[in-house]
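These are the structures in question, set out in turn.
The two complexes that follow have subunit A in common; it is paired with subunit B in the first and with subunit C in the second.
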Partner chain A sequence: MTPRSTRVALMVGAPVLALVAAFLITSIVLTVAGDPAVDVWTQILSVPQSRNVANIINSATVYYLSGLAVAIGFRMNLFNIGVDGQYRLAAFVAAYVAGEAWVPSYLNTVLAIVAAVMVGAAWAGIAGLLRVTRGVSEVISTIMLNAISTSLVAFLLRQAAVDVQGSNNIGTKPIPRGSWIPGISVGSGPGTEVYGFIVIAALLGIGYSVLLNRTRFGFDLRATGHSEPAAVASGISVRRMVLVSMLLSGAVAGTVGLPILFGDAHSYGVTFQSGLGFAGIAIALLGRNHPVGIALGALLFAYLDEQANPLQILLNVSPYIVKITQGTIVLTVVIAYEVVRRYGVRLEQRQVARALEVRGSDSAAKAPA
Partner chain B sequence: MSTRIDRPDAAPRQRARRSLPLAYLVLLGLLGVMVVLSVLRTVTGAEDIDSSGTLSATLVAAVPIGLAGLGGLWSERAGVVNIGLEGMMILGTFGAGYFGYFYGAWQGVIGALALGALGGLIHAVATVGFGVDHIVSGVAINIIALGGTQYLAALSFSGVPGGGQTQSPTIDELPAITLTFLTDPLKTLEGKHLFLVSDLAALLGGLLSQLSVLTIIALALFVGTWFVLWRTSFGLRLRSCGESPVAAESLGVNVYRYKYVAVVISGALAGLAGGFLAIVASSNYRDGQTGGRGYIGLAAMIFGNWRPGGLLAGAGLFGYTDTVRLRSGGQSVHALLLLVAVLLLVMTVWQFRRAQRVGAGISLVIGVAAGVWYLLSSEVPGDFTGMTPYVTTLLVLALASQRLRMPAADGVPYRRGSAG
Partner chain C sequence: MTDDGDVAVRLRGIGKRFPGVIANDDVSLVVHRGTVHAIVGENGAGKSTLMKILYGVQKPDSGTIEVNGKPVRLGSPSDAIAAGIGMVFQHFMLADNLTVQENVVLGAERLHGIGRAARAEITRISSAYGLGVEPDELVEDLGVGARQRVEILKVLYRGARTVILDEPTSVLVPQEVDELFDNLRELKQEGLTVIFISHKLDEVLSVADEVTVIRRGTTVDTVPAGSVTSQQLATMMVGSELPTPATESSTVTGDDVLEVHGLGLVASSGRRVLDDIALTIHRGEVLGIAGVEGNGQAELVEAIMGMRPQAIGRVLLAGVDLSGASTRERRERGIGYIPEDRHRHGLLLDAPLWENRILGHQTQEPNVKGAFIAKGAARDDTSRIVETYDVRTPGIDVLARALSGGNQQKLIVGREMSGDPVLLIASHPTRGVDVGAQAAIWDHIKDARRRGLAVLLVSADLDELIGLSDRIDVILRGHLVASFDPDDVTPEQLGSAMTGAGQAA
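Up next is the complex of A and B:
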């Protein structure tokens, strides 16, 4: 094997290794707990129907945005654990703005999206400001901001709420039909449409890639993430980079709830999906902060979620079992990459040593002559 | 040498501060806090801000935060950042619920310790053994612990009488001590609403009534941690792994072993924190019981500058803000606004005199805002009282974080043999 093909094999090998390990660990948990491991895997690995495919793509879209938001921070060595709070606050504001419908039709949609992006950025910006002015770790501050946003949204919802018909829930005014984002059909029959927002999500992914790899800003960002002293030495203002990347991360986080809002829920109520931010962290790690990797990670997580859903009814097994799988994948993926990296380094060292040995004996043989 | 020439008084002053006994400092600090609270109570008339009920509940709220922080202290002193405390705490609540219900309360305590230690072991294997980024591993553990306990709880408790998918049946209580001959006269004294005297009576009465054995154990663990980490050679070696693992290795310390031990103990303490929540603070395991207290414990530890005494103060502060919102929350939190306003205005003057114009400006703006809010309203809305502990954490970290110093090699992956 040439060194290059070895490296490619190792890079592909790591995620496979991780998936196998997570598969084994989940199976062990199932067996020890007395649940039928084989039946569980048969259900999870069965071919999804087109309705399920639509569901998988939909939740993957949402996961993708969340992962992307986290990844922007990660490239800078920033841990934006606050995506959860950022998207909930942003989705609420977007729902309120769109529900009020100050402007007609799609202008209303655009206005709401802009509002969400700005709110997400501002909420993340608090953590960024605290970091650059007061040296507060963004890990702690974003966690606190998550909790604060829960209370804040509850308070604001009570101010802006209207009663939802036919239930005790309260929510924002429903978005007028003209401002919904239409779905894209992936099959026939009901429930086979995917969120139209997926187009925007894909564009954001391309934008992320271009920004990081093709612009001065992206270079600065990656440089700062790799080595802060080197970045400072080459004239990059680290404080500015921290603040800007936190704002960008928050801006993307602001869009996380929008596919659901404009494609499905059409208002923000107490039952609006939460916890998407934490899944984003796992997915960004899984995808190694690469836009395609994040998409694959998002699809995998969404696939596991959807396929595990009927477990309770079919086999009387708690679907939470896939949370163990998901968490284990995150851990095993990073471990696998580390193991593979160490193996690669050792391999390289051995090759170099062998090459030097050959040359050394050559020159030794020549010396007496 | 040069530092001594620059600041000849630095070293002796440090020594003088150190020689003050810890217990003395704690008592002095507590007295100061009680004076402030009794002034505040007298001025605002919010009686619940330091009633014995509030202070007793504060202790119950502070112990899990403190124990989680203590777990963070062990791990970070050995150089491993432990954001997985939350997950280990969740494992602890389940361990307490499972073993507590099926075997008994003390077995529940053991179960909480053991499951927390298991979480710590996973973290240690990932971060120490495989050199994985500490925060990544911590986040993964939080996900696994949450999903794992939800799965296991559904498996263990559904169909059990009094239990369900998301909660265990009631666990037997651990013994609690109430010194009735002391608490009854203290209660009478508290009822007279005298300045400071009644407040101190409330404090003593609150601390001495319904004192769980686990609370006493937790306090003993604080003293024990301080002793082991700062007064034994084992502790010195452990802390050396957090300051400079390379230097420690060159002196023959088995860095990996110390880190493993520290992180497993860290997990066990976080697990105990969860166990306390399940057994003492409530009476069963419930899904979502920890409510982010692991993270708050971490913040308390940072607030306490990676020292047990400071952590205790931090845990007390966060425990108090967590409690006060539940005890006539609107009124009590409203009274605290006045305190925040005054503290920030004092801070403004102090910063201004140290020529920190920007900092002084920010303190002034927030302080005036809190003051105006206090004057213009009579109660804080319910949703905002829920934010109290988190806003306090942010404010405290924003004001204090630049004076803090974490262990030098905290969070840095270390590989054996890198000493060369």
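Up next is the complex of A and C:
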């Protein structure tokens, strides 16, 4: 095999092995707990109905954006744990802006999206600024900013809220129908539409790939992630890169809640989905920060979530069992990647040495005495 | 000497393979008791691996080890110590903020405790072998030579009868080398065995009784030191004539390329690591900087590269003031940079070669088109470098990590010579590379000098400095203290200036 094809084979083989290991571990947990492991897997691995497919794609879209936001930081050795706080604050602001409807129709949608992106960037930017000016680890500051964001959103919601009709919830003003993002149908019948925002998510994925692999900025970012001293010696301003990549990561994080906001909820209330930022960390790890890998990881997580839902009703097994599966997948995948990476490096060194030995003996034979 | 009772260490058929390299292949070696036995070979010949095997750091894939006639298995350094083998590494392993005594007993508390008995033993060893080590001194107050003697004492304290020294002279100035050799002769007289690894042949001949030459992982021959010349050893080492960086006719012009005025830098500890440095390099001139490591060379280079924003003073390149400029701007203006530590500063080890071609030249032709990476052009240019600079690699998609040190360095040299730099800053450009790559790199620097490049050459290798430089400045504690003409300077004169002994005279 050529070095390149070996690398590809290893890249695909590792997550598959990791998945198998994670399924085995979950089965052990199920068996120990006295749950019917075979029945559980039969349900989870059954073919989803088109309604379920739509749900899977929808939550995968949201997971994808979250994973993408985390991955931007990862590529530069920055650990943005704050995606959760960033998207909630951003989604709230977007809901408020869109609900006020200062401008008509889709202009309103665009304005709200821009607002969300800017709020997400700004919130992550605080952590970036602290890191470059005061040397505060972004891990610590983003965790704290998550907590602050929770309180801040609760406070602002109280200021801006209107009563939601027919419930005790409060939320922002509903977004006018003309500013909703219409769904795309994937089947017939009710509940088979996927968020229109999926198009924007896909474009962001392409943008991420182009930015990282094709641009000077992306090269600088990856170089800094590979080796900070080498980046400094090559003329990269690491402080600037830290700040800019935190802003970018936050900007993408700002979009995480928007598919739900414009496609389903249409307002930000106390029940708005939380915790998506943490799933993003696992998904970015799972997808190796690769735009397609993240998409697969997001689909896998969404699939497990959706398929586990009826476990309680059908088998009296808690659907949270898939959280164990998801957690184990992350662990096994990380381990498998590292093992494969080391093996790959060794393999390549050996291949290089062999190639040179062959060439060396050739040239020695040809060289005049 | 053939009597087996006389043999301290015998290695038979030792083999060790690493991915991509055969570090050792069928190495056989007999070291007699009470002798200094030198092991010489070019960088990468497998000397250090062999010694790590003997010290139990690495397990051989094949072969046997006998100590005092008995076969032993050395699975860890503690096995080696138990067998009476000790090792002093090239990089010292001492805690600066502890005293000599604390450093010596650390990890060997069971032998003589940590109190008076230990102290008495240290004093006894020190005087028995003439090491002159004071148990109460703080290690941070000691010079390099004294630290090395502490390391030797540590090994003896643990009961070693065979002491391995890995490139012990690489960190020493000539005077300290002489002192070390006196110590080694002392050890030998007391019946201890010394295994001495080096690639400096004159030193080897002056201290060793027997010399074993290693080439490409296998033993070439063992010869008595009295019966060979350094030229013969060199020929055995490289299998051909040893290249030397011969000086050529001067190409120095009157055009100033680099001017540095009043350059200063204060470390976070408050110490002045650079103080009022002034230097000028002309077109076609190589300025060598000599000095014992840690006297400000690294900081000088990084200050000129703009990697030390706290530095004060002025840096002018071809008349343009770059004092406040960023590293990138300085590079764009035509400074090529071969960093001291190629793994840390020179390469992205886990990126392919063509991406490493771009590193440091992210804003320059042919690597970019506007804000985008010009992948095709960068790849083509990488192939050109691989071809021109003889980088031994099967392709430009392999990771930089997979190449040997010499080939990594050739890639860096080729990269930094691209885009017609006006100034090249070369920090230890041939450290840790094999003889072939060394000669190639020297040739490239000489070629570039002929074409009018100005070069700032920092090196610990005095032969390299004398052979390549048009002028040699000596740096000592952040000052440039002396300037020599390489045509009529001796290593001893440089050594005196490097340690400050010249100032008193």
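In this section, the second predicted complex is superposed on the first by the 333 of 369 C-alpha atoms of A that agree within 3 Å, B and C clash if a C-alpha of one lies under 4 Å from a C-alpha of the other, contacts with A are read in each partner's own complex, and residues count from 1 in each chain.
By our rule, contacts are C-beta pairs under 8 Å (C-beta built on N, C-alpha and C of every residue); 3 or more make two chains touch, one makes a residue touch a chain.
From a predicted model like this one, the values you see are computed outputs, not experimental measurements.
The larger set of touched subunit A residues comes from B, when the choice is between subunit B and subunit C.
Of the two partner chains, subunit C is the only one that A:H226 touches; subunit B does not reach it. Of the two partner chains, neither subunit B nor subunit C is touched by A:R239.
After overlaying the two complexes on the shared chain, residue contacts for A:L130 are found with subunit B alone; subunit C is out of touch.
Across the interface of their complex, subunit C is touched by residues 3-4, 213-220, 222-223, 226-227, 229-230, 232-237, 345-353, 355-356, 359-360 of subunit A. Interface residues of subunit C, counted against subunit A in their complex, comprise 19-21, 305, 307, 326-332, 337, 339, 341, 344-351, 355, 358-363, 368, 371-373, 375, 392-395, 397-399, 401-403.
Those residues of subunit B that touch subunit A in the shared complex are 83, 122, 126, 130-133, 135-137, 139-148, 150-152, 154-155, 165, 292, 295, 298-299, 302, 358, 381, 383-384, 386-387, 389-391, 393-394, 397-399, 401-402. Put simply, subunit A touches subunit B in their complex at residues 29, 33-35, 79, 81, 130, 133-137, 139-141, 143-148, 150-152, 154-155, 158, 278, 281-282, 285, 318, 320-324, 326-328, 330-331, 334-335, 338-339.
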